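In the two assemblies presented below, chain A is common to both, partnered first by chain B and then by chain C.
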Partner chain A sequence: MNVFINKLYIWSRSQKNRDLLIQFIFVIFVGLFFYYLASKARLLDMTLSHFSSRAGFGISHTFIIDYTSNDSRWVSYFTGVINTIRVCIVAILFASLLGTIMGVARLSKNILFSTISYLYVEILRNTPLLIQIIFWQIIFLKLPRISEALTFGNTVVISNRGILLPSVTGSNNGNIWIILIIISIILALIVSYIVNKREDVEGKNIKLFNLKINGNLIGILLFFTLTISTYFILQQPYNLDLPSIYQNNKGTFLQSGGFEFTPEFGGILFALVMYTGTFITEIVRGSIQSLSKGQTEAAQALGLSNYQTMTLIVLPQALRSIIPPLTNQYLNLTKNSSLSVVIAYPELFMVSRTIMNNAGHALPVFFLILITYLSLSLAISMFMNIINRRVTRIGT
Partner chain B sequence: MTKNFIKWFFSTFFGSIFNSIVTILSALIFIFLINNIAGFISTSEWEVVTANRRLLLIGRMPEEHEWRIWSILWFTSFLIFSSINSWGPPSKKDLLLISSSIIIICLIFTTSSKILYVVISLLICSASYFTSHFISKSSNKIYFQNSLKILWLLLLPIIFTLLIIGGGPKPNLWGGFLLNIILAGIAIGFGFPLGILFALGRASSLPAIKTICTIYIETIRGAPLVGWLLLAWFVLPKFLPSFWGINEVSVVVRAMIVLTMFTSAYTAEVIRGGLQSIPKGQIEAADSLNLNYRTKILQIVLPQAIRVVVPALISTFIGVFKDTSLVFILALTDLLQVGRIIPEQDPEFFGKALEALCVVAFLFWIVSISLSNLSSKVEKSLGIGSR
Partner chain C sequence: MTKLKLSLLFLSVMSLAIFIACSTETETITEVKEVIKEVQVDRVSTLKTIQDRGMLKCGVNDNLTGFGVLTSGGSFEGFDIDYCKAVAAAILGDASKVEYVPLTASARFEALGSGEIDMLVRNTTWTASRDRDLGNDFTATTFYDGQGMMVYADSGYKAIEDMDGATVCVLQGTTTELNLDDRFTSAGLDYTPLTFETNDPLQAAFEEKRCDGWTTDKSGLASKRAEFPASAGGPDSLVVLAETLSKEPLGPLTRDNDSEFYDVVQWVVFGLIQAEESGITSANVSSMASNPKDPGMARLLGVAFGDGTVADFNFGVDPTFIQNAISAVGNYGEIYERHLTPLGLTRSGSLNDLWTNGGLIYAPPFR
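On to the complex of A and B.
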C-alpha cells in the first residue's frame, strides 16, 4: 500500500500529470452537471415536431413570404427570421452612415456641428435601448390621425398608422427580372475582376478599339446595360406605386399602395439606428484620433480641402482599425433587434415567443433561436472578415 | 479684439461652402430640437410622475419597510460621496452635473411627508463629501481610503442584510428603480469574479478547461439577453433541483441568475483582452522567479490585465445596468415597466406616456453618465492614455 501511495506521489509531482488530473476532475464535474441537465431534459419533449402543425396566429408584417395563420409554424418562424434580417440590414446601413457622420462631426472645428455630435452620443448612449424603442413608437403614434393625414402631393402620406412611401409593384415577370439583376451583378463582378487581374498581371492598361478600359467601369456599364435592356425585354415588369388615402362607403379611411413604414417597424428601426450609431460614432472618433497627425498635415500641405482630406486620406486609413469593433457592434445590433418584442414588431424572437406561449416545448424552440442568432452572427462576421481583408491589404 | 472674433467666427462657421452648409444644417437641427423640447415642456403635466413617486422608485414595497430603503440610501450616498475625492478633486463640470442632478431628483421625488428624510440624505451627502475633501489633504488619507475600499466590498452584503433582516419584504415586492439597482448590483458583484475565472479558463493552456470555458462564453454571447430571460421564465424551474425548495424560486432570483451568467460571459471577454495585452516577458519573469500559479495570476497577471481594461469593464457594467430594464420578459415591474404601465392602465394619466418615459430615461441616464464619468477619471488616474 505504501509503495502505491509513494508511486502516486511521484506520479503527481510531474507537471504534465498534474495538468491531466486537473482537467480530468474538471471534465468529470462538467460531465456530471450535463448528465443532470440531460436527465431532467429527458422528461421534456426535445423535438420540433409541433412546428409542422398549423400556426393559428397572424403576423402583421410579412415580407417575401405570404404568410397566413393557416400555414405551419415553420413558415411563421421563417417570416420572423426574414423580418429580423430586413430590419437588421436597413439598421446596419443607416447606423454606419450616421455613426460615420457623427464621428467626423465630433472632431470638426465647427463648434455647432461637434456639439450636436457630443450631445447625441452622451444622451443616447447612456439610456437603455428599450426606452428609446418605446420613445420612437410613442412619437410615431403622436402623428396626426389618418383622417387628418399629412400628404405631400400623393407621394408621401404621414399618419399615425405609419408613413407611406412610393414604391414599385411587380407584375408576373418581376421575380424573373430580380433574378436577372442578380445574375448581371455576378457577371459584372466577374468581368471586372478578370479585367483588373489582367491589368495587374500585364502591368499596363488593356486597350479595346484603341480605348483604355478600366475594370470597374466595364463592370458598371455591363450591369446597367443588362438590367435596363432586360427591363424593356420583359415589358416593364415594375411600375411605380403611389400611396393614397380614400374613404369607403361607410366613411372609414383606408390607405392603399406604396411602401408602408409602420410605427412598429419605424420604432425599432429608428431606435436601433440611433442607439448603435452612438457606439459607431465613438469607434470612428477613436480610430481617426489614433491616426498620426502627419497624415492630415501632409494632405493639407498638398492643398487638399477639408472634405478631400477626410474622404481620401483620413477615413480610408481609419477604416483599418474601425472594422473589427464595428463587426462587434453589428452583432450587438442583430441581437438587440430582439427587443422589438416590446412594441410587437414580429421578428424572430417575438414569433418564437408566441409559439412557446401557444404550444409549450420551450427548450427546443430556444435552441432553434440560439442556432438562428448564431448563424446570423456568423454570416455577419464572415462578411465583415471579407471586407476587413480587403481593407487591411496594404499597398493596393 | 472684435476683429479677431469676427475672423474666428467666419473661419469656423463659414470657412468654405461645405462648412457653411454644415453650419446651416446644424443650426436648423438645433432650432428644431429646441423648439420641440420647449413645446413639450410647456405643454406637459408632470402629475403622472409626482402622483406615482413611490411606485417608480420602490414599487409595491409596504410602508412599514421603508426604513430599510432609507438606511440603504444613506449608507450608499455616504460611500459614494466620500469616494468622489479618491481620484483627485472633481472638476467643475462633474460638480455641476452631480449637484444639478441631485436638485432635479429632489424636485421630482420629494413629498412633504418625507421631507425630513430627504434633508437627512442631503446632509449626509454634503457632510461625507466635505469630510473626505479635508481628509484627502491630510496625511491620514491612506487609512481612510483603505477603510472605504473595505466598505465598498461590504456594500452588497450590507444592502442585502438591510433588505432581509427581521422579516423583510419578499423579493417579488421589490420593484421600481430599487429592483434595477439590486439586479445590476448582483449581476456585477457575482458576474465580475466569475468573469475573471472564465477569462483565465479561456486563456489557460489546458485544452479541456479552455474548450469548456470558450463554449460557455460563446453560447451565452450567442443569444440575446431577452432569449435567456425567456428561457429562465419557461424552462429554468424544470431544471432546478426540487429538494432545496428553490423549485418555486421567485422570479427575481431567476432574473439574478440569468443576469449574472450574462455579465460573467461579457466580462470574461473584456478581461481576455486585458490578458492578451500583457507582455509575455511578465509571465516569463514570474515563471523564472518560480512563483506558483496562484501568486503569478493574483500578483502579476490580473493587476496588470484589469488595469488596462477598466474603461471597457465600466462600459460593460453600464450596459448591464441598462439591460436590467429587460426583465419585463419575466413580468417584473422595474422602473421602465412602472413608467409604461401607469399611463396605459390608470385612466387619470392616459396619454401621458412621454412624460413618464422622460423621467424614467433621466434616472437611467444619470446613473450611466456618472459611471462613464467615473471611467474617464479612473482612466486618467491610471495614466492609460498617456503611456
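On to the complex of A and C.
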C-alpha cells in the first residue's frame, strides 16, 4: 500500500498529471449531474397522451381551424400555433416595410424625416417590449365602446371589440374558382414564356391591329380573361361580406360579417412591428452607410433620380449585408410574440399554459413548446438563407 | 508512469460504474422518500416551534380586499388575517404575535412545505390533489366560495342564460376556463372567452367594456367590485349574478403529519363557529367565562362549571385557548360581519350562514 501511495505521490508531482486528474474529476461530476437529471426525468410521465382528451376550454381567436371546446387538446394547441404564425407573418412584413422606410428616412437630407426616424428609433428601442404591448392594448381599448360603435356606411365598424372591415365569403364554388385562378396563372406564364422565346430567338412578333405586343401583355390579358369569365360561369362564387352590429333580445351586442381586427391582435401586432422596426431601421441605415459613397455619386453622375438611385443602386447592394442581421430580428420577433399572453391574445404559449393548468404534465408540454418555437425559427432561418443565397449571387 | 495513469483511470471508471449500478430507479424513489421522512421527523411539532419562537408565521394574501390586504398604514387586515390572529391568540395568548408572509398563488404551497410559514390562510380551495399530492392538510372550511359572474348593472343580465353571444373576461386558473365553458356549452350558449394571465390588464379591459362579464371566484369578484374605481362607475354599477359555477371551499392549511398544530388550528376554527352558535361574542366573552350558562359553554371557554373541574382536551395549549381567540377576534359571525359584509357578500341565506339557519357553517361538539 505504501508503495502505491508513494507512486501516486510521485505521479502527482507532474503539473500535467495533476491537470489531467482535475479534468477527469470534473468530467465525472458533470456526468453525474446529467445522470441525476435524467434519473429524475425518468420518474415523470413524459408522454403527451393527455393531449388527445377533450380540451374543454374556449379560445377567443380562431383562424383556419374552426376550434370548439369539444375538440382535443391537440386541436387547441394547433389553434394557438396558427395564431402565433399569423401574428408573426403579418408583423414581419410590416416591420420590414417600416424599418426600410425609417432606415432610408434616417439618412434623408430632409431634417423633418431624419428627426422623426431618429426619435422613433431612440424612444421605442429603449423601452421594454412588454410595456409597449400593454400600451397598445390600452390604446385599442380606448376606441368607442360597442354600444357607441362608429359605423362608416355599412363598410367599416369601429369599436373596442374589434375593427370590422369588409371581406369576401365564398360559396361552394369558391374553392373551384381558386383552383381555376391557379391554373390560369400557370397557363398565362407558359404562354408568355413561349411567346417571349419566339420573339427572342426567331425574331417573330405578334401583331394585333398593327400594334406590336409582347408575351408579358398576352399573359396578363389571358389571366384576366380566364379569371373574369370563370367567375361569371361559376355564378359569382364570392360575395362581398359587409360587417354590421346588432343587439339580440337580451341586449347583447353582436358582431357579424366582415374581417375582424381585434384589440388583442392589434396590440401585439403594433407592439411587435414598432419595436422590431427600430432594429431593422438601424440595420438598413448601417448597411446603406457601409456602401461606398462612389456608388451614389456614380448613379447621380449618370443622371438617375434620387428614387432611382435608392431602388436601383443602393438598396439592392445594401440587401447583401441587411439579410443576415435581419434574420436575427425575425427570429427575435417570433420569440417575442409569446409575450402576447399578457393581453389575452391566445397564441401557442398561452394555450399551452391553459393546458398545463388543467392537466399538469408541465415538462413534456414545455418540450413541445420548445420544439414548436425551434421549428418556427428554423423555418424562418431556412427561408432567409435561401433569400440570402439569391441576393449574394454575383454576376447573374 | 503510463501504466499508473491507466490504472487510476480504470479505478475511477469502475467506481463510477458501481455507483450507477447501485442507484437504480426504485432506489432513487426510496431515497427521496427517506429524505422526506427525515424532514418530516424534524418538523413534527410545529406547535412546539411556535411556542418556543413566541411568534406565528402566517402565509397570507396582501392584495385581496376583505380577505387579506396590506393597508396603507402598513398593517394586514381581512377575514383570513383574523384567523392568523385567532390562532396566535390561542397558542401564544397574544393576537399581535403574528409574522405575516405575503405570498403569490404559485409560491404558497412551496412556502408551506419548506417550513417558511407555519400555516397558510390565503383563500386556498380545498381539493383532493392539494390535500394529498402537495403534502398539505386542510383544517376546516371557513368560507364556502364558488366561481361567479360579474356584469354591469345596466346590461340587464339577470342570469347566465341571458348571456348568449357575450364576451367574458376570465382570469387564467386551474379550472376557471373549464367551469366557464362547461356552463355555457351545456346551456347551448355562444360566448367568447378572453383569457388573461394577470388581473390588471383584465380589469383595464373590463372597465372599457371590452367584455360583458368577468368570471372568477365570488369572493374575488366581491373584492374587485368593492374597489371598482368611481371613474368607471363605482361598485354600484356592477352586479355579481346569484349563480355559482363551481365549489370552492376556502380555509387554513397546515403541513401533512403535523397533527398537534393541525388540531389546534382546526378547533380554533370550530370554536369560533361554536361561539357564534352559543351567542358568545368578543364583548361578552369575559362575563360568560366568569359565569358560564351551561357545561357546554364552560368546556368551550376552558373554565370550570359550578364546582366542577376544568375540562382539558390535551391540545398542548392553555385550556382557555378558544376564549383567548374569541376575545381577540370575536366569533365567526363577527369576523364575517367585519370583513365580508362590507364587500356586499350577503351572509343570510348563503352557504356561509350557520347550520341552524340553513347554511353549512357547523362545528362538531366540544366534549
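Points worth noting:
FYI, the second predicted complex is superposed on the first by the 297 of 396 C-alpha atoms of A that agree within 3 Å, B and C clash if a C-alpha of one lies under 4 Å from a C-alpha of the other, contacts with A are read in each partner's own complex, and residues count from 1 in each chain.
Definition applied: a contact is a pair of C-beta atoms (placed from the backbone, for glycine too) under 8 Å apart; a residue touches a chain by one contact, two chains touch by 3 or more.
Everything quoted here is computed from the prediction, not taken from an experiment.
Applying the stated contact rule after C-alpha superposition, one finds that A:311 touches neither chain B nor chain C. After overlaying the two complexes on the shared chain, residue contacts for A:126 are found with chain B alone; chain C is out of touch.
Of the two partner chains placed by the overlay, chain B and chain C both lie in contact with A:342. Shared-chain residue A:256: touches no atom of chain B or chain C. Of the two partner chains placed around the shared chain by superposition, chain B is the only one that A:19 touches, whereas chain C remains out of contact. Within the superposed three-chain model, A:353 lies in touch with chain B and with chain C [touch as defined at top].
In the superposed model, A:69 lies in contact with chain C only, and not with chain B. When the two complexes are overlaid on their common chain A, residue A:392 makes contact with neither chain B nor chain C. When the two structures are aligned on the shared chain, A:161 is found in touch with chain C, with no touch to chain B. Residue overlap on chain A between its contacts with chain B in one complex and with chain C in the other: 24, 40, 43, 134, 138, 142, 341-342, 353.
In the complex of the two chains, the chain B residues touching chain A come out as 12-13, 15-16, 18-19, 22-23, 26-27, 29-30, 205-209, 212, 219, 222-227, 230-231, 234-235, 238-239, 318, 322-323, 325-326, 328-329, 336, 340, 353-354, 357, 360-361, 364-365, 368-369, 372. Residue ranges of chain C in contact with chain A, taken from their complex: 1, 4-5, 8-9, 12, 16, 19-20, 23, 25, 28-29, 155-157, 162-167, 169, 172-175, 177-178, 180-182, 184-185, 191-198, 201-202, 204-205, 208-210, 212. Every residue of chain A that touches chain C in the complex is listed here, in rising order: 7-8, 11, 17, 20-21, 24, 28, 31-32, 35, 39-40, 42-43, 56-60, 69-70, 134, 137-138, 141-142, 145-147, 160-161, 248, 250-252, 254, 263-264, 341-344, 346, 350, 353-354, 357-358.
By the touch criterion stated above, chain A contacts chain B in their complex at residues 19, 22-24, 26-27, 30, 37, 40-41, 43-44, 108-113, 115-116, 122-123, 125-131, 134-135, 138, 142, 305-307, 335-336, 338-339, 341-342, 349, 353, 356, 362-363, 366, 369-370, 373-374, 377.
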